[in-house]
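Going in written order, the chains are labelled A, B, C and D, and every chain counts its residues from 1.
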Amino acid sequence: MPRNSLRHHLYIIIFGSHTKAGRAFDLALIVAIVSSLIVLLLESIPSIRSVWGAQLKYLEYTFTALFTIEYILRLYCSPKPSAYAKSFYGVVDLLAILPTYLAFFFPSAAFMGVIRALRIMRIFRVLKLVRYLQDSNLLLRSLLMARRKIFIFFSTVAILVTIFGALIYVIEGPKNGFTSIPQSIYWAIVTITTVGYGDLIPQTALGKAIASVTMLLGYSILAVPTGIITAELNQEMNSHKSLVKCPNCSQSGHEADALYCKHCGSELADPDKRVVAEE
Amino acid sequence: MPRNSLRHHLYIIIFGSHTKAGRAFDLALIVAIVSSLIVLLLESIPSIRSVWGAQLKYLEYTFTALFTIEYILRLYCSPKPSAYAKSFYGVVDLLAILPTYLAFFFPSAAFMGVIRALRIMRIFRVLKLVRYLQDSNLLLRSLLMARRKIFIFFSTVAILVTIFGALIYVIEGPKNGFTSIPQSIYWAIVTITTVGYGDLIPQTALGKAIASVTMLLGYSILAVPTGIITAELNQEMNSHKSLVKCPNCSQSGHEADALYCKHCGSELADPDKRVVAEE
Amino acid sequence: MPRNSLRHHLYIIIFGSHTKAGRAFDLALIVAIVSSLIVLLLESIPSIRSVWGAQLKYLEYTFTALFTIEYILRLYCSPKPSAYAKSFYGVVDLLAILPTYLAFFFPSAAFMGVIRALRIMRIFRVLKLVRYLQDSNLLLRSLLMARRKIFIFFSTVAILVTIFGALIYVIEGPKNGFTSIPQSIYWAIVTITTVGYGDLIPQTALGKAIASVTMLLGYSILAVPTGIITAELNQEMNSHKSLVKCPNCSQSGHEADALYCKHCGSELADPDKRVVAEE
Amino acid sequence: MPRNSLRHHLYIIIFGSHTKAGRAFDLALIVAIVSSLIVLLLESIPSIRSVWGAQLKYLEYTFTALFTIEYILRLYCSPKPSAYAKSFYGVVDLLAILPTYLAFFFPSAAFMGVIRALRIMRIFRVLKLVRYLQDSNLLLRSLLMARRKIFIFFSTVAILVTIFGALIYVIEGPKNGFTSIPQSIYWAIVTITTVGYGDLIPQTALGKAIASVTMLLGYSILAVPTGIITAELNQEMNSHKSLVKCPNCSQSGHEADALYCKHCGSELADPDKRVVAEE
């Protein structure tokens, strides 16, 4: 792709964020995404739709037209259009415009319009430019490190709600609203997560005892995922704590107040002046 | 037990998971367990039972037959059948098949069929093969280390709900639904765990004040088990952080970026190349 | 007090727990306390009281008589009876027997019988003998260390519920159930602690927006007390981590795998054999 | 400003807290603030207002007069009156008296009286004198350090509730109470924060499945902010752990039991006698 072609300029503006035009494009895109989401929310409120329905529909068509042009431009200026189209954001970009066309040509598919809510995920694309990403990576890395422990936790919760759901089904039974085991498992989830809607409530003394155990269990096992995430975050933050480099051997990992390199013994820069890579 | 006998081969397949046949058996068992659980769930839904009741019953008989054969084979090929029968998993395996036979011969015992939900615990047996176990052990060890602190926490919660339950019983009384102290303790548990069904609600101003204290207490003492688990997990993870072994004295426990053995001073392998035993 | 007097023997049995008779007394006391609590709970259930009321009353009189004898014996054998009577447990012991006498002589004071629920606190006295106390001390010490941070947290919550309660009172008003500011503050507490009874619910769009902010706030500030307790527990556990003493200079605080005393350089006992004082 | 003028004396009393008169003024102010808040709460209860309405109104006028005098004195004795008037506490002080005047002159603005609840924020001003501030700073600093991670967490929650709200709106629809997407997002917030009022409840099987996922998600992502705050608090507390200074090189950061300065090797003061700056 020649460096001075229109395609390359478009690429810099649409995909990049280091030029002034690129940042202006990103800002315009955020405004468009948020506005189209507000239109979607307003359109779903009956009292507003009955008065402003037509105007909101035209606004929605305008946004869809804009997003369609943007999608075509992205396809056009992308060095590998097919790779973009198949990427996560490529699919989200397509899902953001498709429902309006479907609802236009097949009115019976109007309910699919809600898929437009996925537009909110497009905001991530734009936010990638900000430096918040570094912290986001730290959080993601902690979650990834903890993924097996989290899987074990969820398996345990799944087994607990199945057993407590089956128990309450036998004890309370259909006459108290526990009409089936899946329904009773739903109750167990509502109870163990301490949500407690109150639509299904044990009526018998034994049922209330079982419910009490479920609540106390849910209340305290919450400590486990918290402990897992905290411990992983602690580890991650410690391992990245100090990125001071030794001027002699270029190795890092020194304590924040160390004066001498722990690897080769050379004197380090003055702790107050040295630039520590920010977390 | 001779190494080439049928019993030994069966033992390798049924109890082991290192051979291809063993893994295939484990996979088939997981499929059977999950399928039989789905049958149990579907059977409990009235609208499905009225239409597919007979078919589901036959499926259930098939699964019970399969699990019975498996149980007999386990007894047969186990080096110590009585030890297996008395072990935790032996009892679970028996409980997984017994209810169907009981319901068949004593129709009045049909409600016991729900015990079949315990089949979900059999999944643990099969999952033992995966490497997730290592993390599971870390979690279990942390819980065991913290068991006395957790016992103290639960005793405190038990005492708090008794006192707050008795208090609200005196203040609100039977006319507002708090018909007895056990019922009021149930309310205190629902409130202190922040479940809040809304079936029992204080009506008087004083009752609402007591309820507010209960909520704030429940809201904040949740911090205690979380702190306990987190601190234990931190300790466990730190004590296992580095499993790097010194090539000279074979001792471990070095910091991740140490270059020299802290026990004998020998040079360690290059930090980037050395294999750190994964947590 | 002469060592062989009856008073001294009684003191050893009643207050101590190192002799066989002392442990037997403690066990009998636990059984009596728990039984009397069960009687109290059963007595409060209308359907049971109407049938077994008289029997339960006689049981209650028996327990009160036993506890009265115990109280008199404690007063008799205590080296300083007045100090015992004024101590925390002395008051609890008295409160455990007083209500029954009051209800006997002044039937109108029957509602005070619930104070008997405080008997549950007597269990603490007996439990003091077990070694769980050490962990209890660790927890208490952490809470004490964090008391100022916890006070700040509760002040912040108090200010938040006042402001959000006043806000929702203005927005929703008496017509939607928010009849007064105290009532609205009660709603704010129910919401910020994520209990959510559902008895008071915002009806207007603006009220729901305020409620959403309250929920998200309550959901996330829960992280603060947890963080405080966890950090304090971590500190406490680390500072007590290693109680290995140097054989030369008798100082402790060595890392679990240290071979040489970090204070004087003497060789420490073999890590695998040395006895680390258990937490 | 001359040191012995009336203005300077007033400044010392009103803004300072190191003199006896200053502390007395602070105490009087706390009493006045809390009393005026109690008057505000009582005035909002219909049954009390109908009986004591006039008296409460006169009390309110008295407090407003007192706070007005205080505000004028603060303006008078402040070295830079305009800076005070524009400061955060200056605005809060003004908002604490303005509503009463507005309600007096424009009776239709009576609803603004609730702004008086902001008076509770004035308590912060007075509390600044206590040493609790140091811990408050530690908490604030941790929150500030974690602000970007907290922002990412809230963005994730916002995106999750939008997507789950849109999903439940399509699945349940207006006939089950989910009348619009904003209403459904409100349900998602109520569910994900585990508040669970129970005013909006999924009725269909698919809706209950979606609700279960929302609950489990909300239940477990609570672990993330807790982990963030805890890890930051840990870091903050560790970095301030030891403020022991070396008598030779005046540097701090030594471990609590270190005997020799880790920077220059000089002997440190005896650990048991040295004063560690309290956290």
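Methods note: contacts are C-beta pairs under 8 Å (C-beta built on N, C-alpha and C of every residue); 3 or more make two chains touch, one makes a residue touch a chain.
If you're wondering where the values come from, they're calculated on a predicted model, not measured in any experiment.
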item	value
Shared interface numbering between chain C and chain B [over half = same, under half = different]	different
C-alpha-based rotation, chain C on chain D, 0 to 180 degrees, nearest 5	90
Length of the line joining the C-alpha centres of chain A and chain D, rounded to whole Å	28
Where chain A touches two or more other chains at once, by residue number	153, 182, 194-198, 218, 222, 226, 228, 230, 234
Sites on chain D touched by chain A in the complex	148-149, 151-153, 155, 159, 162-163, 165-167, 169-170, 174, 179-183, 185, 191, 194-198, 201, 205, 208, 211-212, 215-216, 218-220, 222-224, 226-228, 230-231, 234-235, 239, 251, 253, 263
Residues of chain C that touch chain B when the two form their complex	37, 40-41, 44-46, 111, 114, 117-118, 120-121, 123-124, 127, 132, 135-136, 138-139, 142, 150, 153-154, 157, 182-183, 186, 189-190, 192-199, 218, 222, 225-226, 228-230, 232-234, 237, 241, 256-257, 259
Touching residues (chain side chain D, partner chain B) in the complex	194-198, 226, 230
